[in-house]
């Protein structure tokens, strides 16, 4: 009845992709390796946001703050302290998670848009620190030339490093998604009042989810620095937060891996459409509207329908392809 | 087992509950009746901690629970269903109940074990007892209205409560479904020794099932007594004839 | 340094800023209340309001152009929003809620680039008529005349809105729809048109705000960006969907900024955010009753 | 289950798509050896007006240059829009270098992008990068390196020009205000440092900083007026400058207290304001289309006006210089080679569109040109406010010395 997590049907496509991704840098030009790495980082960020938005139903409108905090923590520790890289690497996501705890602690008292707006305000205060504290953060110029060890400073070195941690994080997220905690979070998303009526401390669960999600956002921030050797206040500006929120919606926020798709599409669009026209946001807008209209129930609705159909198609995985529309 | 003492609650000047009194004994089946807007749902919300009373106390097994948040009330052993189907639409039927069972077992915070191997037996037992085992893998949102209501009860049972509060468990059901559901409730009460507090519009159902009936009107308790006494009470007749009648 | 005159002028200047914010935010709040959608494109419509005001003053020279712009620019914006609503948005009301949010985001992307295509990237500027040159003395404080004009317009808009929502049939229906949309549908009113109307009215106010602000700032691409997040914060601390809440929120925002400048200039940028944090921790659903 | 498989399928599809796409795109080698210039700049949002102006100046210069050609080929270019975002700027700069194989990178108005690209792309990939609008002094100062050049005036220069200009005025009590970001603070620091050095008795009575893009500066200005300083050092730019000008006028501050703003006499700011711009504002800039009135400048302005419908601004001037440096640099290098090009640029003198030459200082890779100090005034000749009473500050006088640059790089 309930299927094993390690069903071979699930495992083989993952493995195939992984093998493909491992060999890809040998056959594609360096720039595509780099763009794939950008997608990995963005995807991890979007995935971490989706842990609270898609699986937790929280209006986490300023998630980029934690990405930025992770990135800044890592860059500052590398530049200003003598700590070895691995220590900085390990500590930074915890700093992001601490920021997540601090902001989340205030926010979980509120619901919906109020939650969102309080978070935007608190997040903007952190943004203001990065933007204003010139001596530490160099203000809006940002910090550049972060000393990343040589073995991961080349494009392919960074690619494999990022891929490794992306896979690690995805496995961890997958386990959490399917744990009692993950299941309970999804229940809270669907119906928080009902959850507290079955004895679940909703706020504590939400806060825990925020801390976990912000931890992963911190990891994404660290990986960003590994890839780009720079940090700047854009990383924790609300515009980026809105963008990754849209990535989750675009890819399908009730799905586990949907945000990866959303991130890939957005990054690819801005890179490759940007080559041909400066109006790529116009094209993104039109694309979004087409998507909203011509996937009859929207991306997420589409997914819901597939899920509903799932019991009818149980024995025939091959058939399900057409449902992608 | 449960004692409600002179409970008051108002919203923006509108008094929803004013001086409600209620006593539920161990193992009893108690019904709350009253016209629309009499404050039944508000009373249940006050008992389960969803709302905070302005005045008065709720005592459960000798302990004042009126200040506790809902999840702690639930841990004391009071579980409830809701008037409007209140389930987890995007989860399967199995998971709907499993969430409650995991919560009861204190495992909701477990981050690393795969949930699909946990609490399977308990969950299936509950699903079997309410007759939803067949549909365990369906999405809860896709169930029929009647099944939604049953699932509500199943979720409430997931907490292995000592006392079950059901807010209009048969609302919107056909007569056949109503009969089946009431039979289910009686069966549960007998087989598991549950104490059940419920409210209901269908008077036949109430007077056939309940062992004690509390009548509310304009937020006040008019009377709590055995069905036959309630039937004979003058005030109750006035309340029902003078009020809007039952929907 | 902080003598009474300075305090006074800071107060009035903060007040006049609050008035522009109020005009824009009341529209946002209205849409939020009736449609339950945070309209991300609201800022873009405000920007279009400013740009159309510019075009109108270019067509009609002199003070007449300015007054005409003030009247016509909001209608241009209303027309744009009506087209967007009837052609696209109205088909989405049955959808998942966040889909509506996604739509308004897409709309803001499209409108933002359209403005660039139509008006180009150069800075635009329009002049307020001669009447508004110089400043007036008020309670010992000197404030620019145009800001004084805003102090009059703000309350006028508020009264107009109050009159509209309380005294006209359409307004009452819209208000009722904000509180309970099922009810409105049940008594046989075409909810879709109520929504369309609310959306267009909200956007009209965005356009009016844009036209009002135009003479005081440079009209540029990206002015939508600066406004929208402030506007969301304002309607939230006021109480979602509550028109008077938008007024309260605007006052908090405008005044906290104006006084922040006076007392702690280096950190003026954090004052409005701090104000929001304090308000929300103190009253988690905003200052006034929210319709949500 | 299903969703997992589906999302995986999507993933596979995506990856395959990328692989195919990349093969298609990579198989297009350039045949004729033209010099490829990659431009990253901002063509959207408030900064677009400068991005477009620079691009026009560059195009105009290329028209002339390509008539005779460079090393037998032409200079061709490709542009990318950063949307004023650092991460996108990095993506696109890497795209230009790794995929388009450009010989020279050029850009941008955003200092964050300029610094990030300078470090992560130019320095690391050893590609020459010429910065043409961003005024951040760190680009050729503390963060300078072998491959980065600047044809823009920088904050050290602008501030020093302001300090030198203001020191000749009688003001003692100063208020400092501006956009709260690096540019504003850097200009303020440089102006104040130089002013203080030249005239030790000046005092600072207060500061105020507003967030960049702040639409309404009236509250800030009314509070400055009430503090009654002798003069104000205002550090703002771009669209905020227009707002500042309007507020200077509407609050009456322009008439009461003299203000100095670097680039205040930029016509991109003054022109849209028309006759509404305040008079009496002090400003500094490295290019004016009406000054100096040399035949060279007139020819340049006419050609520009004819091609693009409006007179050139300072970004066009910077971009024009940039194009000259690229052409003359490769001519001097004798072949299309990045290292030789960098060597050739050091100390290279190119034609200044207003007449004379501009030298690329070898020690810090900063182009050296004069700065004009003027005050805004209505002249009957123009329908908008222009600069008058212009004094010219020699380029070498307002730049930090090579020793100072050396010190800042050692830090």
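In order of appearance the chains are A, B, C and D, and numbering begins at 1 in each one.
The rule is simple: a contact is a pair of C-beta atoms (placed from the backbone, for glycine too) under 8 Å apart; a residue touches a chain by one contact, two chains touch by 3 or more.
All values reported here derive from a predicted model rather than from experimental measurement.
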Spell out the chains that contact chain A while also contacting chain B. none
Contact tally winner between A-D and C-D is A-D
Can you check how far apart chain B and chain D are, centre to centre, with Cα atoms defining each centre and the answer in Å? 70
Quick check: how many Å separate the C-alpha centres of chain C and chain D? 34
Would you kindly tell me how far, in whole Å, the mean C-alpha position of chain C lies from that of chain B? 46
Overlap residues in chain C, where contacts from two or more other chains coincide: 113, 116, 225, 269
Residues of chain B touching at least two other chains: none
Identify all positions of chain D at which a residue touches two or more other chains, and write them in rising order. 43-44, 180
Touching pairs of chains, which are they? A-B, A-C, A-D, C-D
Touching residues of chain A toward chain D in the complex: what are they? 3, 7, 9-10, 13-14, 16-17, 20-21, 24, 27-32, 34-36, 38, 131-132, 134, 138-142, 144-145, 153, 155, 228-230, 232, 234-235, 252, 254-258, 260-261, 264, 267-268, 270-272, 274-275, 278, 280-281, 303, 306-307, 310, 313, 317, 320-321, 323-324
Under the touch definition given earlier, write down the residues of chain A that touch chain B in their complex. 1-5, 175-176, 178-184, 186-187, 189-191, 193-202, 205, 208, 212, 254, 304, 307-308, 311
Which positions of chain B touch chain A when the two form their complex? 48, 50, 69-72, 74-75, 79-80, 82, 86-91, 94-96, 98-100, 102-104, 107-118, 120, 136-139, 141-142, 155-156, 158-159
The answer for chain D against chain C in the complex is residues 43-46, 48-49, 51-52, 177, 180, 206-211, 213-216, 218-220, 222-223, 226-227, 239, 242-243, 246-247, 250-252, 268-269, 272-274, 276
Give every residue of chain C touching chain D within the complex, in rising order. 1, 3, 5-6, 9-10, 13-14, 16-17, 20, 113, 116, 121-125, 127, 134-135, 142-144, 146-147, 213, 215-218, 220-223, 225-227, 257-258, 261-262, 265-266, 268-269
